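First chain A sits with chain B, and in the next complex the same chain sits with chain C.
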Partner chain A sequence: MNIKKFEKIALIGNPNVGKSSLFNILTGLNQKTGNYPGITVEFKSGFFKYNNNAYELIDLPGVYSLFPNSVDEEIVFETLLNEEHPNFPDKVIVVADALHLRRSLLLFQQIKELGFPTLLVINMMDEAERKGIKFDTKKAVLELENEVVFTNARTKMGIAELKAAIEKISYKKPNHYFEIPKEYQSKIESMKHIYRNLSEYKIWLLLAQKQSVTFYPEITHCKTSNKIIPKRLQTLETLRRYSFLQNVIQNVSNQEKLINKGITNKIDSILTHNFFGYILFFGLLFIIFQALFYVAQYPMELIESGFSYASNFLKNTIPEGPIQSLLADGLIPGIGGVIIFIPQIAILFTFLILLEEIGYMSRVVYLMDRWLKPFGLSGKSVVPLISGVACAIPAVMSARSIENAKERLLTILVTPFMTCSARLPVYALIISIVIPKGDWWLLNYQGIALMGLYILGFLMAIFSSFILKFFIKSQYKSYLILDMPIYKIPLFSNIALGVFNKTKDFVLGAGKIILAISVLLWALGTFGPKTEANWENNTVWTGTKLEDSYLGIIGKSIEPAIKPLGYDWKMGIGILSSFAAREVFVPTMATIYSIDSDDENSPKLVDKMRKEQNPETLKPVYNLASGVSLLLFYAFAMQCASTIAIVKRETNSWKWALFQLVFMTGIAYLSV
Partner chain B sequence: MLKIISLPKPLHLSQLKKNEKAIVIGFSNEEYPLKIIELGIIENTTICIKSRVPFNGPIIVEFGDNNAKIALRKNEADCILVKR
Partner chain C sequence: MNIYIQYICIVVILVFAVWYIINLAKDTFTSKKDDKNCGSNCGCK
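This part shows the complex of A and B:
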């Protein structure tokens, strides 16, 4: 008899208040990442049941107020103010930080005055206790005119009370509210004639927005025609609320004397030190890279051999024919090509989420901001740039927290220069062919070449950002204001869930495209205009010779364009297929060379490619020059359909996505 | 409403020495980002610099009753006026 669907509850709060811990505790594994159709934004929601009531909990990005400055913050504003929004909540839970209650209550008051049935959760009680802060529950409920629950996500204290309170969330009209200054009354009255069901406070809040609000166009119009300066309204409201809240906090909490037991300052004296801070950061980067390449290599080899076993198994059990070929040469390697990235992506996100949970990431932003600023980037670009080493897709998405539109755009545009894990197999293959084995002191040539390519990617990223910053205009002044949270022992469940969700997003998002391309390539490489003739002549399926397949025809037709680079048509096919996803190069070359020879005990791909000769000059096709140019091409060219799709979504325009494609590939073509 | 202070010789936050305590008295111009206020740096807040990156890099300040810590660029720190 449950006619009503899920009750939608938005979870909102300042950054670093343990909001996502509460979200994880309440919803567990019942989480999903969704997309709004037609809108550029992605959101996280989860489901839970309590006393036979079902709830959908929507996790909104951390904000300090409803005066947005970044894309993340605009998401929160629009979700709560636009009643047409698919995630417009029925109720709101505001998570507050017991240590910095005043800051949290500012947001709480704003949301409550919008008219939402609201529950206030004061979290991080353990930290408050440690500092000697005590709360008077009865007074808190009285003074804040709202239900209040005290929790501690770390020890799960108060979770039962929280669930019980969620069931009872209701709206109580407050006696105290923000009084709209007289000088704005007349404008608000005139707007009320147009939007009858908007409250006065809502109109005020809409007038106080810097950005134009598309879902209430008349208000934006009123703002510009009356020359209202939003910043003044914002300052006024914030200061008035703070002077009121100062008294409230003194009444509901008492702090006999400040106990400065925290170890945060001691840790910070090393981690933000002007010398040791950097040493430790680069040391940490080194450990992350080691883990990415050496630790990940074992599960990756396991996955690779597993899939080649599956492929061979199919070849031996299913009779020869297009179905066998589709499964063994198309589908299985395609799925394998996606799964192979999971170890690296999972390891990288384990580190990133762990560092974020501890509270270290803000310190990295602080340390790096000075050095990235001259290139038009911000300290906050560090996370996208590091993530770019695994995969540009989550990296580009993580740029969302950068407030300044120009810094964010630059970060998005240059992040794909970072050497992502998809380039690694390509580099490894080509390096092993053209760079001689041998040592220089203790360093191995091939190792140096690989490291050089990583450094090259990073240098190219900041160099092109430096160039592009002169061509991109910025509406707002860039600034950096960042909370430095106290250091915390990370919660294992938060990390596990975070890594699981990020990896799942990658497999389901990028994976689909990589898989589709692999199958498409298989089809193009297996069939050709002459296939039908083959069928008629032979009762046995032989496939088509690569040169006669559609893929071969395409490869040959682009040969004139790549000949100046010193490539042959086979490399052309490899490059062309790489525009879908770079890592496709290796299986493509494998396909090209194994389709080409009917030899059963075929030698390894590396040896085959090494032996390949130019029919005119009889010199090896893969020499040092063509090898290096191929490496450079892969380092610079924008060859990833999924990244293009994500950049389009994140910048909300094809302009920047296509600009990036042309820019990066242009550099690649010219440099080789 | 916000005061634009023009008293003699107010100090910019960035002029303080490390660990030197001061009190916020206002903002030097209207270009201050609102986020500074939202985070709780308002008039009469005690504030001190905990660390800074050389070559005019960002600054970490500690402020308020509960020792909140935030990082700011020098430009933002210049907007905040303090007295010793």
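This part shows the complex of A and C:
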């Protein structure tokens, strides 16, 4: 098939307008995720074809206007204003919420006046119809001076019309330009000498930015020399546009008369109640954690047995030698250490995406704001803190929605204390070795220990924030402005796609590094200075004893530093390797004990570690004291190179990334 | 399989693993931010 044209289209809209649902419908599985250059803000792009034309659709973060207050809003601004940006679009689709048309149209007008060929999509028509809201399509096109498509992502209504309209998007110069206020006209005119290619409105918009605009550096200088206060420009533009839009909306729909949140208000009276709201929230968290441990254990056991079987199968089928050892003792236990995480990651993200889809997460932010404020955090810190239970990397990235710089920095610094999924197998392994099995009433001892570690992580996060807030200064007063979306029935396809993408990112991201480290550890644990002596008749190789291997030599050399903590050299290697990523600890121990084991009848790592004895005292190496010490170390230490890198990029400073490394690891060392 | 061939395979895999880890570390800690937006007449250099 010959492609007639290829166009890059940006998908823009307010948060919670169904933008991602439309993106998923249009692109299906033909999506990819990536990062914006220079910073770690994730973006999604996808491809689709229509009538021999190919389109790349870029799903930009949700924004209310082109006056950014957070990092992801700045991304949208830069993408649309910086023509050098790799995602600078040919055309723009603005997705509006049929129930909150006014604020969607503010964004639409701004984008249209930037000169982009723009298509307006009014989505969530099912919700509008349910509330009796009607639109006059012809009037809408006339009043907005633009093509308008009405859709309902839930039922896929209007998708065919949308595709057809995308093909025809063109630029129509609107008559109702935003008029630059007279007092600023001469200033903007003088700036046109520097930026000849920019329209007056673009210069106005650049001057209205609170932050410095790196891609037009002289604007900051002009702002200072002309004593321009960006907030004043923003207020002027917003008020003028709203006054115009008020009339437009009255002419094209009966929305203003009918808008009534009805059921949403009734549900909110319970879910955001001063007492029942918290009871329901903590009850929900309890259910999530129960599901995380109880439901996930069955597939996890199945995966562990599968890899154990695969390892034994390779030992029985491949002749003895280094290749057999690499596969059965190095790669298979290493890969197993990654795959075993999948059920927990998938369950956790199912819940998180489900709550977001329903519209409950905004209520949690509202509920928690008053409790987190005394610790220097914001209600919006709840999202990174909860996401931190899965992985600190997306959690730190999600802190970009916090407007206040101090609250954002504090959230980034303390989020890695939350018990991430990489800590979970470490905890599960150590707990099953040192905490006895048994029940207290109906509560399992090992379960209590695990829950205690999750609570400990949260308490340490808010305690650290409380201390750090006295040392970090803020220029702005903090306030919470929230969009409370209406409650919606979640779309199964959105949840499934979200869970699939998150799990895939985890497996591919962590999997590659674990695989490489497993190979390295296996080689270091299998070879040593005396390897040559292990050849029988120069043909059969019998491997090297672990303590004589290079890994053994490294472990023994760091043993004096960790012996006072009650750790042996094998634990030392585990800790050392997990500074790359915590999740490396379990595969490391699996590789070490797999190389070292002569016991063919006891394939489980837990049994091998439980039997380990101190050669001097002949007592178990893993006792309650050393186990608790190890657990505390893993609870507090910053052992994730990727998180350090993300913190550096999000704070744009090595100072805070290194401070976090020293602060967390210092607490960990002192606590053990 | 001949022991020497096995050794060659392992060396290749090991070199690839070490190369991958070094590259990953380099990518993780190297800033990708450039200053190509800073034109000569903008007063930012």
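The working rule: the second predicted complex is superposed on the first by the 596 of 672 C-alpha atoms of A that agree within 3 Å, B and C clash if a C-alpha of one lies under 4 Å from a C-alpha of the other, contacts with A are read in each partner's own complex, and residues count from 1 in each chain.
The definition used in the following text is that contacts are C-beta pairs under 8 Å (C-beta built on N, C-alpha and C of every residue); 3 or more make two chains touch, one makes a residue touch a chain.
In this text the structure is predicted, and so the values were computed from the model without any measurement.
Participant: Just checking: does A:D369 make contact with chain B only, chain C only, both, or neither of them? Give me first, second, both or neither.
Facilitator: A:D369 sits against chain B, while chain C stays out of touch.
Participant: Answer with first, second, both or neither: which of chain B and chain C does A:L99 touch in the superposed model?
Facilitator: After superposing on A, A:L99 lies in contact with chain B but is clear of chain C.
Participant: So in the superposed three-chain picture, is A:K231 touching just chain B, just chain C, both, or none of them (first/second/both/neither)?
Facilitator: A:K231: touches chain B, not chain C.
Participant: Mind telling me which of the two, chain B or chain C, contacts the most residues of chain A?
Facilitator: Of chain B and chain C, more residues of chain A lie in contact with B.
Participant: Applying the document's definition of touch, where does A:G283 land relative to chain B and chain C: first, second, both, or neither?
Facilitator: neither
Participant: Examine A:S65 and indicate which partner it touches, taking first as chain B and second as chain C; both and neither are also allowed.
Facilitator: first
Participant: Looking at A:L239 after the superposition, I want to know if it touches chain B, chain C, both of them or none. Which is it: first, second, both, neither?
Facilitator: After superposing on A, A:L239 lies in contact with chain B but is clear of chain C.
Participant: Which residues of chain B touch chain A once you look at their complex with the stated criterion?
Facilitator: Those in contact with chain A are residues 1-2, 30-31, 33-40, 42, 50-51, 53-58, 60, 64-73, 75-76.
Participant: In the complex formed with chain C, which residues of chain A make contact?
Facilitator: 37-39, 82, 84, 214-218, 221, 319, 321-323, 326, 512-513, 515-517, 519-520, 523, 539-541, 641-642, 645, 648-649
Participant: State the interface residues of chain A toward chain B in the complex, per the touch definition above.
Facilitator: Going through chain A, the ones touching chain B are 64-65, 67, 69, 99-100, 102-103, 106, 131, 133, 231-232, 234-236, 238-239, 242, 255, 258, 260, 262, 264-265, 268-269, 272-274, 362, 365-367, 369-370, 373, 379, 477, 479-484.
Participant: Within the complex, which stretch of chain C touches chain A?
Facilitator: Against chain A, the touching part of chain C is residues 1, 3, 6-7, 9-10, 13-14, 17-18, 20-21, 24-25, 28-29, 31-34, 36-39, 42-44.
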